[in-house]
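Please find one structure pasted underneath; my questions will follow.
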Amino acid sequence: MIKKILIANRGEIAIRVMRSCREMGIKSVAVFSEADRTSMHVRFADEAYFIGPAVAAESYLVIDNIIDAAKKSGADAIHPGYGFLSENAEFSDRCKKEGIIFIGPSSYAINTMGDKITARKKMQTASVPVVPGTTKPISNLKEAIKTVKEVGLPVMIKASAGGGGKGMRMVEKEEDIVSSVTAAKSEAMASFGNDEVYVEKYINSPHHIEFQILCDNHGNGIHLFERECSVQRRHQKIVEETPSPIMTDEVREEMGKHAVAAAMAVNYSGAGTIEFIVDDNLNYYFLEMNTRLQVEHPITERVVGVDLVKEQIRIANNLPLELKQENLTQNGHAIEVRIYAEDPDNNFMPNPGTIKHITEPLGLGVRHDGYVYEGYEIPMYYDPMISKLIVWAPSREEAIDRMKRALYAYKITGIKTSIPFLHKIMDVPDFKNGRYNTHFIQDNAKYLNKKVEPNNKIKDVAAIAAFVNYLSTLDENVNDSSATALKSNWKNFGRKKSLNRF
Amino acid sequence: MSYEIKVNDEVSDIKVLNRDGNLLEIAVDNRKYKVDIIEVEKGVYSILLNGVSFNIELISSGLKKYEVNTLYNSFDIEIIDAETKYMNSRKSGEDEDADYISTPMPGKIVKILVKEGDLVKGGETVVIVSAMKMESEYKVVNDRIIKQVLVKEGDNIEGNQPIIMLGEVEE
Amino acid sequence: MIKKILIANRGEIAIRVMRSCREMGIKSVAVFSEADRTSMHVRFADEAYFIGPAVAAESYLVIDNIIDAAKKSGADAIHPGYGFLSENAEFSDRCKKEGIIFIGPSSYAINTMGDKITARKKMQTASVPVVPGTTKPISNLKEAIKTVKEVGLPVMIKASAGGGGKGMRMVEKEEDIVSSVTAAKSEAMASFGNDEVYVEKYINSPHHIEFQILCDNHGNGIHLFERECSVQRRHQKIVEETPSPIMTDEVREEMGKHAVAAAMAVNYSGAGTIEFIVDDNLNYYFLEMNTRLQVEHPITERVVGVDLVKEQIRIANNLPLELKQENLTQNGHAIEVRIYAEDPDNNFMPNPGTIKHITEPLGLGVRHDGYVYEGYEIPMYYDPMISKLIVWAPSREEAIDRMKRALYAYKITGIKTSIPFLHKIMDVPDFKNGRYNTHFIQDNAKYLNKKVEPNNKIKDVAAIAAFVNYLSTLDENVNDSSATALKSNWKNFGRKKSLNRF
Amino acid sequence: MSYEIKVNDEVSDIKVLNRDGNLLEIAVDNRKYKVDIIEVEKGVYSILLNGVSFNIELISSGLKKYEVNTLYNSFDIEIIDAETKYMNSRKSGEDEDADYISTPMPGKIVKILVKEGDLVKGGETVVIVSAMKMESEYKVVNDRIIKQVLVKEGDNIEGNQPIIMLGEVEE
């Protein structure tokens, strides 16, 4: 059985994995780059090892360094989290070769699913419906134009090695084909070290719905129902929920079976996600498989009542799945929002900086998976996501109310975050009604870009607070000898315990 | 003790009329308030105004400038004392800041698409900067001439650092 | 419908009620004593009003002051939380008279259940089993001795108006009768303004198991299953869980019916708790009814999936219960621990003080209901409970693992807390096996008083941290002009981004 | 730069042998450590020692005294510099502190059960103090004589404040 796990990741997911390790009595080992010495995952782990410079390509993505750290620590398994090396077949193989358990699928499954084109073919063989598109990667720009015209505009250009919206471009006009392919290739190279891209037919009014699956090494496979991930900005998910508000029991069952079949087609082992693109009539097409834990896995955990990381570890321990499809149910409704360090008023520009003050939302039905703390400086080298807020309630309506309450109570100062933007999403009629697709953000710009105009009173209250702070600071800076009386006047402001009242 | 205070771009008079412990009578322009104000955490004030509870978070930069966060709003606030007034009076009449491209956050120069002396059309991208795994394109708004390129590809830059100086195009 | 609720309480429960108010779109009004101006409930509420001096008897217990604040704010309802005025019949009546909805039962129900002796009689009439004991309050010490001898030692002396272990004394020896009765009376007077006490037969190997009930104003009553509250110190609960590890389905159903019958016997309205004392053979006796929300209500919320405060408010709005007994189930296992500001190494002495630093436990299956924050000074006037940690997992075993993980991650400095003690409880074999009764703490002293002897390494690591801090501070205090070079040597210690490595 | 450091009641020598950024070679008595140490929050240090990650929280009282919390332990630590040594050398030879009853935390005197001149038996309660709604009885350990009662019922008291002075009973 696994006794010590190295988590080849950082941020909230590293901590989330470590929590389950601790509950299982397994030691956790962190790795960190130069930018991450003060990061919470280093502090949270039982052990921590340095793996290189800040840039991920020289640390978190360097297989040799990770393996070295694993050997140094005596870890018998590696959990890759999401991103970084989580879908790197070479890494999966290397772990195997080194006698370290890779908590994730085989290189075969990663390679087959990781290459979107091979995956499409595999799915077609397994009778899983796929989106019309290219059957091989685009090798040059001239060919790109030809291929796009064949599939027919609008199309999506996608990185073969991709995921998470990176290296992805939509093309509507012919004159944008070249620039989009170039940009997608450049981003794909920067993000994945592989610039292969391919083309897919663009589905109108598309919903992004994915199924969580678990497969063991004994031929058992189950799904843990769907997640609705259609609220996206620049193809990046920002709000996820389960159950999907458009799902029916019939389609759910059918899609679930297709999801398990998709995973089985590559002899999958571990936790994975089958992403589907779904139209308004609930026609669905296999989009891709993410051969790892997803950012949004907690909503499934909450509604199904399963710790997915523990399941991953059990499967890696070669144990058969104890969960049975027929015993699994969706209980209530869960929503996750992703909190990014970004400026919603300035085109969602990433906004790294130092956390001055943080108040985390607590209480009934709220889970908060984060990693920042007061005084922590968010590095500019990695993803700007700083935390995830997950709420549960018996009904979708109550879950939305709860999310609004949690967002209201969640305060981070020092950096700009997406919290105000997420709060607005919860109030958009299309979201409240559950009638939305991946165009939700652009379709609802009028709600989402609306500014709350402050009234005089709130402006004055803000001014009063600043003014009182200014006067207190003035007093503190006054030289003792010259004006002791004045000094005590403001410095201890608010420290008196017994007060007169108006 | 009367001061001026600038909230975003609006300047008001502010004056403490009376104080009793943490109970304060204060006037902002001619609006009078009785508030119960207390610093509950470093930089966080709890204010009660006619029973209504406000939480105000201050981030100060220097002695007189604040970013002030209320529940739904964020304000840039500056206390204008005699010194500030003097500085402002000296400043007026000077030219505007030089025209340059900069980024709001630290990042890395991915690609510079222009060189000194280039004429660029409004809307044209001049530089691509990467920060936190996102590439952003920086464009000029109007037709401009590139006066100077202050960085090279691969450079790490600070937020608000001038990276490309722009000049007006003579018609 | 209720639009604005005044919460006549403080601390975690005030905030917990406000959270549900916010989710329901109801405005919340805080009240605060002189000691509580900086308390989180004041900051969390929409409005806040001052109600008097620090001592509760002059503020939180003064009905006139609470009513004044309600009128000033225009609140149309009052939620009393637990403790303070929550079981005060006069307060319930007064609210009614003033046209303010009291979110709790009628004075009749409070009086009947609040007076333990009347309650016993009522229960006997309703065929609910009760513990043998006195039928009227003890009026003088001579009589006390006589009565105790009649019932037979050992006995419990209990405050008629009591609850929460206050004004409660166990008597085993005859010579202790007088001192115990005196002490119980004095504590009862101080805590409840009423020094009536009564005597009950002491049950051997007793389990404290309680049932949560909800009754509306339309004759509907349901129970939400049991809570096991046998882990007590000085008759104060410190760990609660649900389901009870000793419960069977048959007894649960029977006890649930008796619990509902008990509440119905006093025409109960709202949320309440029927406490039973249960022996090892699952014989159970009505102990008392708490006519309010309990501290430990969150474990029921988690396992049954119901927001009890919302239910209270709906009932107060005169709505019929939507929950049906036949649809309710217990899903998984929940455990709550209470975190007190106290020194477990010093006879659990309350340990008020200023919170220097706090790291709250987060993640899957963890709920944290607290109210303190960094820089907050815990007042010495009120209960030393500072927060509650509630965990959920599919199984009891996993819930214990999770609680240990949460306690591990929960750090509060500046005050001593019960966290280390609670951590030890989770490791006691009797607790792990679910074989414990209310003598658990004394029976397991050998586990609970055990100290972890630090090794040299951890001592040295602590010394190194202190020494480095000392050197850094020294440098900061060096005068600029004299030794700038030295100053920069330690002051910015650890602020460097690029580091050499050994 | 060698110091003595007192951890609870044990005194050790402590000496920085080498420093490179936040990498430190340090000796405690003759035990040598290579640590990676960094202050991650005010008063919170992250220490890596042979890969093992420690979180150490410091609460300083004065410049040289600390309460230091590790995961499962809490230590009172004092840095002993020349000044402290001098103070300690002066102190030795003085009498012990006067004998008195005090409470570890602030509270309120509920009941005083003795008066000046009373002889009390060991184990007898002399005062009841209420703090945070709990009443605690304070007893004498051995037979004692009450020398002075410094408070009265209803008084609020600070933590560690002498409340009743005790004298030895002559046999």
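Order as written gives the chain letters A, B, C and D; numbering starts at 1 within each chain.
Everything that follows uses one rule, which is that a residue touches a chain if its C-beta (ideal position, glycine included) is under 8 Å from a C-beta of that chain, and two chains touch if they have at least 3 such contacts.
From a predicted model like this one, the values you see are computed outputs, not experimental measurements.
> Using the stated contact rule, I'd like to know whether A-B or B-C comes out ahead in C-beta pair count.
When the contacts at A-B and B-C are counted, A-B has more.
> Quick one: point me to the chain whose Cα centre is farthest from that of chain A.
When every chain centre is compared against chain A, the largest gap points to D.
> Please tell me the distance, in whole Å, between the geometric centres of chain A and chain B computed from their C-alpha atoms.
The computed centroid separation for chain A versus chain B comes out at 31 Å.
> How many angstrom between the C-alpha centroids of chain C and chain A?
A distance of 36 Å separates the two centres.
> Let me have the rounded angstrom distance from the C-alpha centre of chain A over to the C-alpha centre of chain D, please.
47
> Would you mind listing the residues of chain B that make contact with two or more other chains?
Those would be 22, 38, 40-41, 55.
> Could you say which residues in chain C touch two or more other chains, in rising order?
Residue numbers touching two or more other chains: 37-38, 44, 50, 373-374, 408, 494, 499, 501.
> Taking the touch rule as given, give the residues of chain D at its contact with chain A in the complex, in rising order.
Per the touch definition, chain D meets chain A at residues 22, 36, 38, 40-42, 46, 48, 51-53, 55.
> Which bits of chain C are touching chain A when the two form their complex?
So the residues of chain C touching chain A come out as 15-16, 19-20, 22-25, 34-35, 37-38, 44, 50, 53-54, 298, 301, 305-307, 331-332, 359-360, 362-370, 373-374, 393-394, 398, 401-402, 404-405, 408-409, 494, 497-499, 501.
> Using the touch rule from the top, collect the residues of chain C that touch chain B in their complex.
On the chain C side, the touching residues are 29-30, 37-38, 42-50, 72-73, 373-376.
> Using the touch definition from the top, list the residues of chain A that touch chain B in their complex.
Its residues touching chain B are 166, 183, 186-187, 190-191, 341, 343, 346, 349-353, 356-357, 380-384, 408, 411, 413-414, 420, 452, 454, 456-474, 477, 493-494, 496, 499-502.
> Please output the residues of chain B touching chain A within their complex, sorted ascending.
Those in contact with chain A are residues 3, 5, 7, 10, 12, 14, 16, 20-24, 26, 28, 31, 33-35, 37-41, 43-45, 47, 49, 54-60, 63-64, 66-73, 75, 77, 79, 104-107, 130-136.
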